[in-house]
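Each of the next two complexes has chain A plus one other chain: chain B in the first, chain C in the second.
What follows is the complex of A and B.
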């Protein structure tokens, strides 16, 4: 070994570079991604907001897992313990609950923005589909998490949902059994929901979010140019780091304020413990499933599940469907805007309608 | 379409989204408020009562508010309201009311339950007031002026005859500015299931459905029945706790749907265990998937009576007016349509009297049919071989007790009376009477009840073991002793009778075991305990 090659002569950064041979230029390059001007407005930052809320979910979720016990005998008790006895338990649980609601709202708003500005079009079809899968994962996150509380409503919500799964064509019976871990909601169901909620779903969410961001980075953010907006060419883009990152941090801080205020004023509550023998008078899922629940009441179990699958399928493949429609019927972008508006309005009407029914 | 237009659409939809969410949240919170509000509806007629009694007796009002009655607006006056002419009514804050709520008051709404209950064994529990049990409490344990043992003991389960304090002309004494009638404190408070009420009704619904919360889970819980069905003479609750049924219940109480509103059907709403109510009066599913309705007429599924000295299978005769009479199998059954002179116990001038009433037979339920009704419950969990064999085991125990101990003992007692050894007017004068009383009323019942509800220890150690020990060691010597006290000749007669009885096969064990049996016994103790 020559003296200049001896480890003792090297600086710490040299040593580290040898141990971890990563080209840091790449990161710098990634961080200096030019961001289009419109992203200076916060309402275009909803994708980042979802990511921020997801991180809050991961951190508070890990904290809750320290105390949560996923068995029918202790699930409710452990949630009550977290809420009433563990130091800051109520706050962590309330943050987890409120940020889950915010996350779902932000996902919907992000989807609206992307849809109506046509940001899903070529070459970004694949990212739309990934985003749509993430919407599904978010909803399943919400549902499984709610069921873990093991209070009366969440228990019966899980029962209804497993019946819905049963109505899926071909694989329904298998799917229902797989979710429940038996013919009825019980001990196995809770364990399965727990594993889904803290293991399977986070893994998929992490992979898909990474892919989603990677594709955004590869394609670049869709640039939106508003009519009559006069922006000098050199200001059309700004740097991701630190300019856009600062906006995101600001949004994060504001969200944290908002979440804390909500946690203080409306802390996560706890209903009656689950009782498989007593069916509550009002069984209701969480609000984001009201649309499906209303559809179920208007049609039948089987038909509502088929409709959900069909509508989900159309939305998932929409970028390709739209291209096909454009080729075949020469439609312009007023058609998807009109369709999207009607679809979302129906979603809202069904949601509100369901909330009025007892 | 311009990007600005799209921006407005997105903004509009987002705004609508937010508005929808707020509306949904508002509806949710409203629903929760309504649900909470539903817990107690204080109607205008009850407002005055609730306002005052929320201060005077707050816990009572809280309990009522917790009840299902309160949620549908059934309040104080619906139950306590009375007509001016009613014997126990008085004018209180502008309304005629009564402290007593009788089954007839409950029948204003619960007609079916009232009719079922009124002809049941429970409703007639107060008729035991003329029994040996009462002699023990009122005379033996009491004094001519103090019946406290009966008041605090027997009557609290069997029910009292509600009486009022009266002046020398027989007029009810009244007290205070409101002229409240003075109830005889020895007769009320009383929640005995067979209480004899001034309005002629029998029983008290709150014996099982405790006021004022009237929770279903109370009457469905075994402990509720255990208030009375316990102790040395009928330890049903202790036997239940010992049985597999009781073990399953206490381990699975949370799966029993005890608080379910409306129907509570075995095989549909719950399956973990049967309670007292399940087997004796509860609703259950049949193999055809039909529901057998519950009934407030307890006893419809009982095929043996295990209470008397000698047990008997029981047929049931139902008359046209709904009156029911148990016919022991030894009593000849009438034909449907026959007119029969029945004995009915009623209260007249605050005294229980027997009345002869001619009635027409409408229906006869045989003991086999009653047993079949009970088997219907059993079959929800067990197969027919299991159930049939259980009844064979149970029957054989009752027959063993009847034949080996009860019948010979009763014969001795009857003969002692016929020979003038015992005074029929003095049922607890001599030792033999006490021993005999406990032999059938305590030990014999324990054995029979133990077998009926699958409690092994109560069948044997608290039951047949005690019966056997006291029969041989206490009763037979006491028979001879009582006879010898009367005259040497009677003493000899009964000594010979006892000796003759003990010559029978079932008593020959007294002469000793066979050499093989004795050796086997010694071997076992040697091997097991080295003794």
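What follows is the complex of A and C.
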């Protein structure tokens, strides 16, 4: 060994480079992705908002698992213990709850933004589908998380939803049994929902989010130009790092403020403990399932399940359906906008209708 | 050699290469099938592990009071061995018992005495005193409250209901 090559003669960065031979230029290159001008406005940053909220959910969720016990005998008690006795337990739980609500709203708004700006079109069809799967995962996150509390409404919500799964054609009977881990909601159901909520869903969410971001990076962000907007060519794009990252961090700080204010004014509450023998007189799912709940009241069980599956399927494959419609019937841009508006209004009307009904 | 050339005009190297590639192809197919079956079996086993065995609970008779405790037109509630409510009604024709589990999506119905009906709070299902659905999704689907077999010992007047006994069960 020559003296020049001896480890003691090397600088710290040289030593580190040998231990971790990573080409940092790659990261610099990835970070300097040009971002279109319209992303300076926060309402175009809803995808990043969802990611930020997902990180909050992961951190607060890990904190909650320190005390939560997923068994029918202790689930409710452990949530009560977190809420009433653990130091800052109420705050962590309220952050988790409010952040979940914000996340669902942000996912919906992000989906609407992508749809109405046509950002799902060729070549970004696959990313629309991944995004739609992420919406599904977010809703299942909400449902399983709410069921873990094991209060009256969450118990009966789990009962209704797992029986609802039985109406799915072909695999329904098997699916209901699989979800519950038996003929009825009980011990097996709670452990299943817990594993789904803290293990399976986060893994899939992480993989799909990574794929979603990778595809955005590979395709680039859809550039939007607005009528009457005059922006010099050199200002049409700005750098991801540090410019856009700063916007995202600012949104994150604002979100933390809002979540904390809501946690202080409306902390996560706790209803009656689950009683498998008595369904409460007033029972409702979480607001994001009002659309389905209203549909269940208006139509038969089979029809509402089939409608949900059909609408979900159409939305999932929409980019390809639209291409087919455009080829076959020569439809223009106004048709998808009109259809999207009608679908959104129906969703809104059913949700508001259900929120005002008893 | 003449004969060989009529059979194949390819060089021996090429022939050997083709045999190799054919052998490689077959090996890959066989390996693929092997992998598919082994990992497929593992996947099936994984799913079976997560799917609990279906058990058929055997039934047993449960004491439900004496016949003279039931007034005509009255409804009384009992709990089966799983803690589920069983509603027993006596009318002119005798005793009728039905489960309080709504046949729509499994919620528990409430007895509304002043309206003489059972009401399911989940999706607004309404049932008559005899358990027949008359409004809401169960009525649309023609579902009624599940009937529970009820027996009366004529000599003693003791009432029994037939309920599931989860402790006595047979695997299926």
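Here is the rule we go by: the second predicted complex is superposed on the first by the 358 of 358 C-alpha atoms of A that agree within 3 Å, B and C clash if a C-alpha of one lies under 4 Å from a C-alpha of the other, contacts with A are read in each partner's own complex, and residues count from 1 in each chain.
One rule holds in what follows: a residue touches a chain if its C-beta (ideal position, glycine included) is under 8 Å from a C-beta of that chain, and two chains touch if they have at least 3 such contacts.
Given the structure is predicted, the values throughout are model-derived calculations rather than measurements.
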| item | value |
| --- | --- |
| Combined model on chain A: chain C and chain B, fit or clash | clash |
| Touched partner set for A:277, first chain B, second chain C, both or neither | both |
| Chain B versus chain C, judged by how many residues of chain A each one touches | B |
| Touched partner set for A:182, first chain B, second chain C, both or neither | second |
| Partner chain in contact with A:168 - chain B first, chain C second, else both or neither | neither |
| First, second, both or neither for A:301, with chain B first and chain C second | second |
| Which of chain B and chain C A:159 touches, first, second, both or neither | second |
| Chain B versus chain C as contact partner of A:226, first or second or both or neither | first |
| Common interface residues of chain A - those touching chain B in one complex and chain C in the other | 276-278, 281-282 |
| Sites on chain C touched by chain A in the complex | 50-52, 54, 79, 83-85, 102, 104-110, 120-124, 136-137, 140-141 |
| Of chain A, residues touching chain B in the complex | 105, 108-109, 112-113, 116-118, 224-228, 275-278, 281-282, 287, 290, 332-334, 337, 341, 344-345, 348, 351-352, 355-356, 358 |
| Sites on chain B touched by chain A in the complex | 1-4, 6-7, 9-10, 13-14, 16-17, 20-21, 23-24, 27-28, 31, 35, 254-257, 259-260, 269-270 |
| Residue ranges of chain A in contact with chain C within the complex | 156, 159-160, 163-164, 174, 177-178, 181-184, 188, 276-283, 296-297, 300-302 |
